[in-house]
Amino acid sequence: MDAGLIFYGSAIFLMVMGVFIAITGRHLIKILLGIDVFDTGLNLLIVSFGYINGGTAPIFSKYPNIFKNVVDPVPQALVLTAIVIGVAEMAMGLAIVMQIKEKFGTCNIAKLKELKW
Amino acid sequence: MNSLILFMALGLSVVLIVGTIIIYLSKDLLVAILGSAVISLIASIFFLILQAPDVAITEAAIGAGLTTGILLYAMKKTGRYEDD
Amino acid sequence: MIRRLIALLVSLYLGYILYSFVYVHFPFGERPLRGVAAHYVENGIKEEGATNIVTSIVTLYRGFDTLGEVTVLFLAATGLGLILAGMKREEEEKPEPTLIMETVTKHLFPLVLLFGSYIFIHGHLTPGGGFPAGVVIATGYFMMFIAQRSFTPSEYLLSATESFAGTLYVIVGLLGLALAFSFLDNVMPLGIPNRVFSAGIIPVIYIIIGFKVGSEMTGILLHLKEA
Amino acid sequence: MVSPILVIALTLFLAFSIPLLHMLSKKLPPFVPPLATLINLWILITNIKHVGEGAMLITTAGLKPPIAINLAIDKFSLLFAILIQVIGFLLSIYYLSQERKDMRFYMLFLLNILGASGIVMTGDLFNSFVFLEILEISSFGLVASGKDKKALEGGFKYMMIGAIGSSLYLLGIIVLYLSTGTLNMAHIAKLMPSIPDSVKLFSSILFLIGIGVEVELFPLNAWAPDAYQGAMDEISTQLSSIISKTGIYLAARIFLTIYGGLYATNIIFYLAITTFIVAELAALMQKNVKRMLAYSSVGQMGLLMLILSVFAKRGDVFVLTTAILLALNHAFGKGLLFLSLGSLTGNTRNYDIEDLKGAGRANPVLGFLFATGVLSIIGMPIFFGFWSKISLLISIMKANLMYLLALLLLVFLVELYYYANVIVNLFKGEGKKYRIGVIPVSVMLLFALSLIVFGLWPHPVFKIAQNAAASLMERSMYISSILGGM
């Protein structure tokens, strides 16, 4: 079995479906869910990039007996940041959606026609 | 990675695929939101498999827990069903 | 329907391009540890004293990012409050929480807070750290204001905690600038690795982040509940 | 010497402390942004003489560059940082005249300035992503904070595109990290020759998508007119004068410094030229003046990207200087236009060209200010815009790109036509007179004055822009000053 296919494949599948849901979704919360799924897929992809065959987590609990073969810690640190940023974006988006619901009375993106070309 | 873990990951990725399809098809937002929570949870198991416990804990707490919470509050305000 | 099919096909095709690119250039698990990552793994404990390398990257090596990350959360909490302010409140029938729920959450709440503090205090030794810890604490509050009839955390106190923790974080950074001519430098003694009191300013930063994230997330949930 | 990292640290400190100050006295928060930008300006100006050839290195966490995050400030970033603080200061003074109950608005505004200054000062790629997110999220908030239908719709569209774009920007950063093992801009630039071509192309396209949202490139700019039109007038000023200029900075830094001459040049060229033409033509069709200004802004950004893509590869300092001059002219001119348009409509948020009839005659000061902005944007002599447009045309002629020259002249004529239309409308017929405070007028006068003063004495600005452009082109200098002898 190919580990790369499973992890890269499912990460990229999440990204694809996320974009697809965000593009075709009609309810605003559905669109935000699509962006959320996309972000999850991206995070999974980044962490999979950092994996090294046979590596362990970068935590040395038996210092100073250092166990050399560890996975790349940098992508993990970056993903930590990305997750938090994702939830911040989501919160902001939801606030806008809730106001839209109050002002427009609908959350259907096809009915938001205040601004036109 | 031994093949047992890989087999488990394969099973979980099938659940992932089903989850995204449920999010796409469901007219009930509650189901869609729970679908995204399940996806986050599975992603956090994947992070654990990929030897990233820090990310796994953060994703489980933030992605699966908190995001679902704020989404549910927002859903309560905006209505549960898509066709309104 | 046709448009959706086209969108699906296009996004699948883009995904296929991404997959084949990634598969060719970065085969799974075969990349050697190199560049800055190798430096962090080799010298991380010597330089910063934390046995969890990810923690020392998050709080010190890339601590400036974490400051920005805290700012993003702060921004989200602020913006949410700003946008939601002045919304009509609907007084709806709230289902009465049952006695079991009320009793259980009352006794669970201190334990959740304890668990959250455990996570951020041990951030330099075990996985976790300030962000999940803060979220765990916020979840405790979340549980309380779902299950208890008359529980509302003071918004004044939340805002003060958030703001105070934020300024404190910047002050810790400036301390480094004042004592070692470099922002966010690890100016405290490193101690013996694997002890709770070790790793210099890492536990301090994680405690600050824990408080800040906890109060911010509770604030976000409170705003959404009351909107 | 005052460390420029204080620009970020102090702004953050002040932003975090606004709630505490609010508890002390409800009158304090509006005064925080002017104070913060003024201090920042002072810090940056004292640092001018320390920034010599190459970039100035400021470390964090006490470690040398590739290991820890660092700030890298050369003359180009210093110029943009000062521009951001100046516009931020003027806008924050403008806000003093408005009654605002919510202190959170000032926090968002200050963090927006912080994000922009962070982007222009940082020397680390991932750090630039974090600041980009700060900039974007605060912009969504600011755009939506008008809370009427248009503002909310514009804000949501911006958020949707911005979220996906910045995620792809992150993916681009990761791809570069995987192929070089570092996140430092100078280090990546140094290791650039060792990266395979396909990886370079792929990552540069990802960056282009991420930055394209900010610089309003063609397929990614659907949010721009809506957000500009929906937002309050001051926020539109901020969008056009600070946020999109930061985008241009980021584009120049990534494609010139890191990739060493634009990598995806052809793609950017076609996208930019499409943006330029489509946006200017769309501006011509508009009945709504604010939307017209928005399209004109998008067109100007397209023009800037066009100049970057055509000339940067040739290493032509003179053309980059013109690009910087154009950016400065646009920052001040468009800012003035958005602000004075808001006052000309009496803050009714009704921007139809019919409603503006005679507004200029009824309010001569405002009419004069608006006209100043227009004249500078279309490049009349004695205004700042004249010099940037003339030098742009000269350099195109020198490069012997006649088709581009013809195209630009044609589009400038279009621009002239729709702006003239507005001006004629403003001074024809009878309009309503509006009362307007001292502070807004003096802020707008400062904008206008800068356009005229720079127009009459272009030499110092020209010199500054030239230095900035030269330091942008000195790629090896940048790398060696950050990494030392490595």
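As written, the chains take the letters A, B, C and D, and residue 1 is the first residue of each chain.
Assume contacts are C-beta pairs under 8 Å (C-beta built on N, C-alpha and C of every residue); 3 or more make two chains touch, one makes a residue touch a chain.
It should be emphasised that the depicted structure is a prediction, and the values quoted were computed from it without experimental measurement.
Of the two chain pairs examined here, B-C and A-C, the one linked by more C-beta pairs in contact is A-C. Per-chain Cα centroids separate chain B from chain C by 19 Å. Put simply, the C-alpha centre of chain B and that of chain D have 38 angstrom between them.
The geometric centre of chain A is 16 Å away from that of chain C, both derived from CA atoms.
Chain C and chain D have centres, each the mean of its CA atoms, that are 31 Å apart. Contact of a single residue of chain C with at least two other chains is seen at positions 26, 29, 31, 36-37, 40, 52, 54, 62, 65, 68-69, 72, 75-76, 79, 83, 127, 129, 131, 220, 224, 227. In chain A, 3, 7, 9, 13, 17, 19-20, 24, 28, 45, 48-49, 51, 53, 57-59, 70, 74, 76, 80-81, 83-85, 87-89, 91-92, 94-99 are the positions where the chain touches two or more neighbouring chains simultaneously. Multi-chain contact residues, meaning those touching two or more other chains, occur in chain D at positions 126, 130, 133, 137, 140-141, 144, 147, 177-178, 183. Shown are all chain pairs that touch, namely A-B, A-C, A-D, B-C, C-D. Residue ranges on chain B touching chain C, taken from their complex, read 1, 52-54, 56-58, 60-62, 65-66, 69-70, 73-74, 77. Contacts from chain A toward chain D in the complex involve residues 19, 22, 28, 31, 35, 38-39, 42, 45-46, 49, 74-75, 78, 81-82, 85, 88-89, 92-93, 95-97, 99-100, 103-104, 112, 114-115, 117. Of all the residues in chain B, the ones that touch chain A in their complex are 1, 3, 6-7, 9-10, 13, 16-17, 20-21, 23-24, 29, 32-33, 36, 39-40, 43, 46-47, 50-55, 58-59, 62-63, 66-67, 70-71, 74-75, 77-79, 82, 84.
Note for the complex: chain C touches chain D at residues 21, 25-26, 31, 34-40, 47, 60-65, 67-69, 71-72, 74-76, 78-79, 81-83, 85-86, 156, 159-160, 162-164, 166-167, 169-171, 173-174, 176-177, 180-186. Contact residues of chain C toward chain A in the complex are 3-4, 7-8, 11-12, 14-15, 18-19, 22-23, 26-33, 36-37, 40-41, 45, 51-54, 57-58, 62, 65-66, 68-69, 72-73, 75-77, 79-80, 83-84, 87-88, 125-127, 129, 131, 193-194, 220, 224, 227.
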